[in-house]
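Take a look at the structures below.
Here chain A shows up in two complexes: once beside chain B, once beside chain C.
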Partner chain A sequence: MTIPWDLFAIQTVNGIVTGMILALVASGLTLIFGILNVVNFAHGELFMLGAYVGVLVLATTGSFWLALVAATIIVALLGAALQIVTLRPLVGRDPMTTILATFGISLVLQNYALWQFGPVARKIQEPITGHFTLFYLDYPWYRLMIALLSAAIIGGFWLFLKYGKYGIWIRATTQDRVMAEAMGIPVPWVHTAVFAIGAGMAAASGVLFGPLVGVDHAMGLPWVLKAFIVVVVGGMGNLGGSIAAAIFISLLEAYASIWVSPSQAVIVSFVVLILTLLFRPTGLFVPTPK
Partner chain B sequence: MTERHSTVFWSGFAVILALLIAAPLVLPPFWGRFLTEILIWGLLAMSSDILIGYTGMISFGHSAFFGLGIYGTAAALLLVDPPNLFLAILFGLVASGLVAVVVAYFSTRLRDIYFAITTLIFSQIFYVVIFTWTSVTGGENGLAFTRPGLGIPGLYVVRFTAETMHWFVLAVVAGSYLLLRRITQSPFGTVLQSIRENEARTRAIGYHVEHYKIVSVMISGLFAGLAGVLYALQNQFAAPDFVFFLVSGETVIFNVMGGIGTLVGPIVGAGFFLLLREALSRFFTEYYLIPVGIIFIAMVIFMPQGLLGFMRRWLNR
Partner chain C sequence: MSPPKPSVEPLVQVEDLHAYYGKSHILHGVSLSVGRGEVVGLLGRNGVGKSTTLKSIIGLVAARQGRVLFDGRAVTGVPAHKLARIGIAYVPEDRRIFHLLTVIENLRTGLDRDGVSESRRRQLLDKAYAYFPVLAERRNQPGGTLSGGEQQMLAIARAMMLEPKIILLDEPTEGLMPRMVSQIRQIIDVLHRDGVAILLVEQNVPLTLEASQRVYFMEKGEVRHQAVASELDVNDPVIHQFLGI
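Up next, the complex of A and B:
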């Protein structure tokens, strides 16, 4: 069998682009898990709602960038409200109850979107339409831009965590909740803010990804599944690991889809997950735990 | 269990069983069929209760066992001529049992959230395989088949009617309930409950926790497969939707609504959910999951014991 190098190169670019969006979705998920100890089943729905808010704002204002910012803020506020109403009462209970609560949220949000926007997929017009030549393909600049923007958002967030005052609050809460509370950090509000940030990141990736596939009510599920895989493979609660795992898995899926259909290529990432769980249950990209 | 307690239980069981036997003769056909469906979904929910309520592991992958039970039955009914009821049950159980072995082996290495995610991923693997392997499974269109007669092949066979189907389902579900109840009260079941309460201590006492977990997932998967067989016999078609994650999610909802760790609770929960769906879809059409989801979230927060636990506490007051 000859190896189709040109296809290989194209799929490498594709894999990295998808990987960066996935990293953006997964970093919100891993953040919420690492700090709140909540597995957010509704993450895919926040991604989907972000895309829909993007569609609506784009339709009224005509500006993609405004849509991106508005979707991020609106869904972040929604996330904060959801956290206060449904997750705050569950603090101190079995963490499994949070899975149930967020699963309920995802059902409500998904069916709300279906009811509000109907089953027909909406389209987001991409902000830049230029192409460049990649072998025999006209490759859209927009795809590369998504990858860069995702990287910028994640990088900005990392700087915020590292140097910002509230970022330090978040890290302090992660390390030791009780101590952080004793030092005067309003832990419940840090939790709310973290959930809001995670929701906002999901929404931003929804808007960014919207032009590539079209927006419908069920678009969240495949992403949340993949994000779960990424978060587990990268090590739960580990931001750097999640990014590495997102790119790794997207590349594998991209290569696999040279030979099989994309819907079957998903199985590759499932297999990666199972192998990881068998041999490195704490994640591929973390040092061996103490 | 005291003597008196046991008498109360068996008389209660007999009364409910008698009511369920009489139901299809009294109820209009629509509601008779509805009741049969409740029993089938109740069996699925009950099988998942072994994991959620007794071993303390939430499975988000029960659709895999249920769906494979359906497809196993379909295989037996389409491949073997003449169709044979017992072969159909056997095929369904073998299919779901094989899946359960694989899922149990891998997923029980993990705990809590990781277990939930792994079971979810496994069910999606089977969903993707069934959905894309069109030549064997019929893909999105699924498979249609006719159900076999009731009885011993070669000796005495009658065609299923709505009533006999109901009684057949009732017999299987009631038998499964008694069996599962026996399992949960056996020394084995007690070990499962001690894993739920304190896994580290159970291990320290000397129990091989992993083995117990694997067996509990397999038992759970087998009964979920049995529910799949019943569903296939009742509805005479198989579709990839039954392997889809939503079925697993609904199974968890049944458990939480009815009350985990009670075996009866999940059946009550399934009945409550299906009734809610029936009632609410009159007003909300296909968007009934919006109010049902809100009720579910409220129950998770305010009524963690489920309907049955809530009623029990209310009666004891």
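Up next, the complex of A and C:
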């Protein structure tokens, strides 16, 4: 069998582009899990709502960038409100209750979107429409821009976690919630802020990804499913691990679809998930705990 | 003989405090007080509720009954993060430093408050580094890589960053080498000289008697006896009665 190097290169670019978007979705998810200990089943719906807010703002203002910023902020605020009214009262209860709560939120948001916007997919016009030639393909610049923007958002967030005053609060709370509280860190508000940041990141990825697929009420589902795989493979709550896993899995899928159809290539991520759970249940990118 | 009263105005007063872990009743009406700038020892066998008393004061264990007054104000039920901001610092038994945060970041958790000027931050850090030079050397090292004694110093230094009026100090010398123990002993004196009150839970009886002005003895979730520390020695029958040594 000859190796099709050109296809290989194209799929590498595709894998990295998808991987960066996925990393952006998964960062929010893993952050919320790592700090609030909540598995957020509504994450895909926050992604979807972000895309819809993007559609609306784009329709009124005509500016993609304004749509991106507005969707991030509005969905972050919505996330904060959701956390305060549904998750905060459940602190200290059985984790199952938070799963039910976020699952409930996801159903409500999805059906709200269906009721409000109807079943027909909307379109977000990409801000740049140029192409460049990648071997024999006209490859859209916009795809590369998505990857760069996602990387920039994740990078900015990482810098904030590393050096920002509130970043240190977030990391301290992740490691020891009780001691963080005893050091005067307002832990309930850190939780709300983290949920809001995660929601904002999901919304930003929704807007960024909107131009590549249609925006509809169910668009979040495949993403959140894949993001869950990434979060488990990367190590629950491990931000760096999730980013690495997102790119790793997306690349594997992209390469697999050289030989099989893209819908079959999805199987690859499940295989990785199962192998990870079997042999490295704490995640591929964390040292095995002693 | 009437029990000794704090010679200074009380800073923390605990009155008839009851606390539970799940269904088990741990504190059965603890009452004690710590004066402004006073070092008070809390002695008793394992499991009599000493640590729980500290946790209830800082609000990490909810009081089911009774109250805590701080600076004359009732603070029962106030969340720990608010108490930390008004002057109650807590150094837990297992130190609980943030392992993945560097030494300086651990200190910043207490420093990054509103109303701390840049020069004040500098002063507080310099003070901590002067008392614990090893922390200055290791400032960019993750807290988890420090030795047990160094972690204890970091835990105390971190509490000092809050500029507390009182530090609740839970078994600071547990598991430390003798050299480290005497260093902890010195830092208690330094804090005392700086006017910081300390409520000290400690298994090391001689150290507690030396460092404290008064001591309370707990048994079965209650304070059963109190004494002026300088009037007791390690062989006192009271010590034998409450600690079995």
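Heads up, the rule we're going with is that the second predicted complex is superposed on the first by the 290 of 290 C-alpha atoms of A that agree within 3 Å, B and C clash if a C-alpha of one lies under 4 Å from a C-alpha of the other, contacts with A are read in each partner's own complex, and residues count from 1 in each chain.
As a convention for this text, contacts are C-beta pairs under 8 Å (C-beta built on N, C-alpha and C of every residue); 3 or more make two chains touch, one makes a residue touch a chain.
Quantities reported herein were computed from a predicted structural model and do not represent experimental measurements.
When both complexes are overlaid on chain A, the residue A:114 reaches chain B alone and has no touch with chain C. In the superposed model, A:60 lies in contact with neither chain B nor chain C. Touch criterion not met for A:129: it reaches neither chain B nor chain C. Partner contacting the larger number of chain A residues, of chain B and chain C: B. When the shared chain is aligned, no partner comes close enough to touch A:12: not chain B, not chain C. In the overlay built on the shared chain, the residue A:100 is in contact with chain B alone; chain C does not reach it. Legend: residue contacts after superposition of the two complexes on their common chain; A:263 is shown touching chain B, with no touch to chain C. Of the two partner chains placed by superposition, only chain C is touched by A:185; chain B is not. Of all residues in chain C, those touching chain A in their complex are 58, 60, 79-82, 84-85, 89-90, 92, 96-101, 105, 108-110, 112-113, 158, 162. Those residues of chain A lying in contact with chain C across their complex are 165, 168-169, 171-172, 175-176, 178-188.
Chain A contributes residues 33, 39, 86, 89-90, 93, 95-97, 99-101, 103-105, 107-108, 110-112, 114-115, 221, 225, 228-229, 232, 236, 261, 263-264, 266-267, 270, 273-274, 277-278, 281 to its touches with chain B in the complex.
The touching residues of chain B, when paired with chain A in their complex, are 58, 106, 109-110, 112-114, 116-118, 120-122, 124-125, 128-129, 131-132, 245, 249, 252, 256, 286-287, 289-290, 292-294, 296-297, 300-301, 304.
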